């Protein structure tokens, strides 16, 4: 925006807040897309507030990463305004998400989408697969989300990963909640499941996860994949799940060993007064950017 | 339920809690129907918790009404279990609500439905109109809810009263929020609007409201019709609105002067830790029952 | 912002959300300036979140005003990004606020500033007085804020109106909290005080307030001037205070009878999970714009 | 307390915080007694936090009263530490409250007790009646609290005023919740009830309340006597009730026309994050002290 | 319940919600008994809400257990209504709990009791010991609860396990808070204590715990035995404690190696707005049922 | 305090509540100093409530330590009233903190200061260094706090440890957030940093930390050094951090192997309704006292 006078602007909700290095869309390698899909009708609560609270939190991060010894924000991080939703029935919403995501990915940007419900992932994967055939998807989640239909629609978040199978192969990590119907269907599906209750028995479990993935890779993180101790701010907080450092180790291994082309973080449902989960999401995204771009 | 041994049961969430006089469905004049329609996907928050919290609160009420000098619970108040929702797309939900409501009303019960979103009112009014032709509807609400369609569907709560006009004439009280499109459409619609900002200038405003209604009458109360001072627990809490005693005076006049056949209370979205709004709804319902049945 | 592809943007936090009529800075009669001054050091809580929560709420308002029968948003409402604060010690902050405010007011915009603490009002009044000599200030507030110094600084919010007296004459409404030192100093000061406990004894009190004001007028609204029943979200919520309709009547009379050139709304300290106070502030601002521009 | 070095102490939770005029017990006309009786077993929540939150809030009050034009704190306000409770079964607790209260009252102090549950009022009234025979009690409350026994004990808060009738005559104001048993017992009891639903029909209702009282007078304020709009922080927040200015007018009339010897404020159950109700209680107490001692 | 028309009922608060397989009391192997004993007097907060929130959460669980590869709900899970409490002084409450528990256990049901305070455990253990002599009790808890009396009563929750020693031998796990009096008494008592601070030093600690138990076994879980990171919703949340997977491993070993006849989960004090702890309790119970009945 | 009658006082907010052994200032080895420095202007929220909530929590602790097998409170723990702040600009506040701290330390007391913001640590260290030359400081923190200046002042909490370097050498543990400027300055500074992301790779990391410290030692604990799972109640809760038992092991090793002369606990910003973090701080302090004085 331009004004007819000098003006020091503050946090207008770009990721990272007011950064030393500000990049245009064209000059940015990373594009953040907030998609607050949430079928509630009031403005109170729910995942619709997830993207905004992540962006608010992000302006309080420090930019140096002591683990890799770098400050990568200079690669350019461009935050799009929230998508205007809902503007119609769900199929139209899904088409629009796919169209916008493709516009970004087709321009060789690393797209990071902020949800919203997990139901946004299928069109995002579809957009990525359109640009990058033979896509593998890494899903970190408590729930398999493999139902065929749920509550009368195929667009419910409980079906998100079943839809994703139309576009990509799947590896699922941290799973610890399944319906009996899903359990019965799994043997027929093109998915590798790493159950939370048992995956740690193999000290090499992270390498084994990455082994199942083939380039290129899309990562979808349902925040309920993490332990409710650090992530209580989600709709169905299942006990168990990944710790902060397990999550980082898994992401680092995947981003170092595979060509990751896009990712999403979904299902954050901010808890009034409790900022820790929002801040964690913000830092998780910056860690992904750091692992993806440091030293390249 | 029956058990194979003696058992003092506690609050199983019937309206009023464990009452001195417990009535069967057949022997009850009043039937409470909880319909927690809410298009959220997690179990946290929202109007889906409204019916349950009203019922929890109701067990803490005392039963004597000092204003009319009576304890009317002996007319029989029967609470149905929550309707199982959602079991499909919205049109199917709406048909099922209408079917169940008609089953109750057809048996000459006074039906009190607990929402849930305001979108449940059209099928409830349709059921009442099927039994009682020439129905008038009294709506207490901050919002006109007269849009033709909204967010791609005619079932949105912002369209609820436009749908109601298909079945009944309408009187709207406490209105203080309108879109420009609605303002332009109103002159063509079969509705009497009492705007919150101006209605109190006529000291006889309550009588004038009742004058617009013809027997039989259905009452729909969107809790946001009340002042957010006493009713902050709703999706869009508009400043202004009815006080507790204005609400009681309006309901008493309507119930005394007209034959009210059913009603609903909708859009309570309980606030964690704040029980006052839930308790108010519970007492409001008991006041309606008292005004309706005391001395008859 | 411009992107290399078509994009339906959602709520980027302009006042009113995504409006039918979007105006440039130059074409707008109204300019909204968020100034989240708050001397806390963490990002949790406090008045620093006030402007953002007001803007979030504003996207859920409807645009028609049923009281005056108009939708005024077409006059152009332009929202500046949040001022970047703090960038130094308080005197420098105050100078910058005054500079920016003057830039806006000098361009004949109607400036509405969103606080932040009440300490931002003196530089705002100074900017307005620079453009409009002989300024009167109408303050709606629970506290007189007339201390000479407080906690070792003249910039504390408890001294805000004592500073304002350097630039303008003062009328104070809703006052119900004073220190003994202030009570003793008042007879010497150029201020008219309408105490909350007694002002309503004169049925013409609103006209009497306006009588004390001379053109041009600046309005400063400390949200604690209102009843905590509708405005609990502030640092020191004093019982008593203006109701919603008293506030509207006072603003309407002032805006109709006097030439109001700018205003501010300060000291909203959002309560997690309770949106009603935020929404009220948003609606209050739109009411001011409506009263100011409808029919002109 | 004395320390071996100079020390500016901060808020140690005396009523009013660090006051300009600090008085010893002997030199104080007012004594504040915190009695956090609450039969919960954890330290979270409930009326046990009421006294502490009132005292915390009190340090943020300003000391001048603009209504009567005085700063009365110089009469001496001495705050006792919280009574150590519970130290046994309820009868022993009640005896100890009575003993301590008598110690204070017998020394010609104006005792203000902070609850805790309403069950503490009978021993407080007993202590006052021991010193001042022919006591009248003014109760401001939503509930009659006239049950004979409740939940197997005569010490339940629902029986508090039935116990009080053993020591004094009674006037009850703001009542709007009764059990059917109480309604039937009332004609036999020595009590004057002013029902909230009807008392305002008589414009002289406040004078009529005072007329029922004979010197000396004890005042017991259950905070639920006030409107939940301003007092949501209580166990059973009944809609309706006294506004802030109705409460002040009633207290002023009583304190001006009658010789009030002691009072209590009970049933504040602080809501986490919402300070307005706590602050209101603190200010209410200072208003009582001001009305009681200004100009005497 | 039966109605005179077809009706799809929703969540009426049975454990697990609306299950595919619904069993009668007689046909159920598992019986859930909610006992919300809590000596508070208002309806806000506290352990009295524990059972209800666990049941609400339970309807959002999925039924397949991926660890053991089974869906066991078909064994029949019958939820009794909440016991009506309190109906008298504590000894009578305790007698009634014992009577009802015995009625269930005597019918060869696996009884799972939901508290409420820990004070309900002694009568539950007494009922189990009446049916199953030579009972061992496994207690998971932060507190030893071995005081002789506390606050003037032997029924306080701080004395619960001292009472239990009258009926059974005891093994205590996760202990990390003791009074000096308890520490001195422990050598004389029939209890094995595994202190949280030291028990993990033995990699076989879980086996060692089970070795101390003899058939039959009763398990009592005070939720504060778990780490406050995952269980902040309790009265005295002691840092340290069992993780989710430590808890599961301990329960699995006990249920596999010993004949467990009944259990209870107590001291959940739900935190408004934070569902994770409630959901965890619900899942913990289903895990117990799964470990107990899978493959048998 | 003394009263003219017998009085069992309750929790007056001394650390530990009403203790069996009560000591005078002179007879106490431990002195607790609450310093609620927080530059907010309202009384709601923030670190200003930290000391009070720690003291409230402390009265619910049990006094026996099962790890070392001792109850050390008999060494005398004396709690000073909160320091009266702010009484001027920051430099004056800092001078006063230093003066008071020196008065305590000079009398050979073990001083434990409760913050408040981390900005109070430099004057505390200065006071300790005045008494004990060649001081080492152990800092447990998420943030390095090594900026030269921040927001226009050298007293900001982001600069606290840079100031400390003027008086002592430094060892920093748990660090996981740095600005790029700090990262560049660190090689020139007299500090040993143990980064949270990497320190656990050395199984002897705790010994290595202690090895960097020389007698005498001052410990400063910013609560955000701990994992937000157990410590969400702080301004910038960084994911990662020390667990409860890691913290205890580090403190035990330091207190056993080095002569620790004073410590502080800062940056607790209590979350309304969530007592676990407050209780943890209270227990952490008692653990420090136990490790420091048991067996000496």
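A few notes on this one:
Each chain carries a letter (A, B, C, D, E and F) given by its place in the written order, and its residues are counted from 1.
In the analysis below, a contact is a pair of C-beta atoms (placed from the backbone, for glycine too) under 8 Å apart; a residue touches a chain by one contact, two chains touch by 3 or more.
On a predicted model such as this, the values are computed, not experimentally measured, just so you know.
Chains touching both chain B and chain F: A, C, D, E. Taking the definition of touch as given, a chain qualifies here only if it contacts chain C and chain F alike; those chains are A, D.
Rotation relating chain E to chain F, from a C-alpha superposition: 120°, rounded in steps of 5. Copies chain A and chain F of the same chain sequence form an interface built mainly from non-equivalent positions, shared numbers / all numbers used being under half.
Look at where the CA atoms of chain C average out and do the same for chain D: the two points lie 38 Å apart.
If you average the Cα atoms of chain A and of chain D, the two centres end up 55 Å apart.
Residue positions 43-45, 60, 87, 227, 229-230, 236, 272-275 of chain B are each in touch with at least two other chains. Annotation, chain-chain contacts: A-B, A-C, A-E, A-F, B-C, B-D, B-E, C-D, C-F, D-E, D-F, E-F (touch as defined at the top). Chain D contributes residues 60-64, 66-67, 69, 71, 227, 229-230, 244-245, 248, 273-276, 279-280, 283-284 to its touches with chain C in the complex.
Residues 143, 175-180, 182-183, 195, 197-198, 227-230, 232, 236-240, 271-272 of chain E touch chain F in their complex. Put simply, chain D touches chain E in their complex at residues 38-47, 86-89, 92, 117, 151-153, 156-157, 234-236, 269.
On the side of chain E, the complex with chain B involves touching residues 1, 3-5, 7-13, 18, 25-26, 34, 36, 43-45, 52, 56-57, 59-60, 80-85, 87, 96, 100, 103, 107, 272-275.
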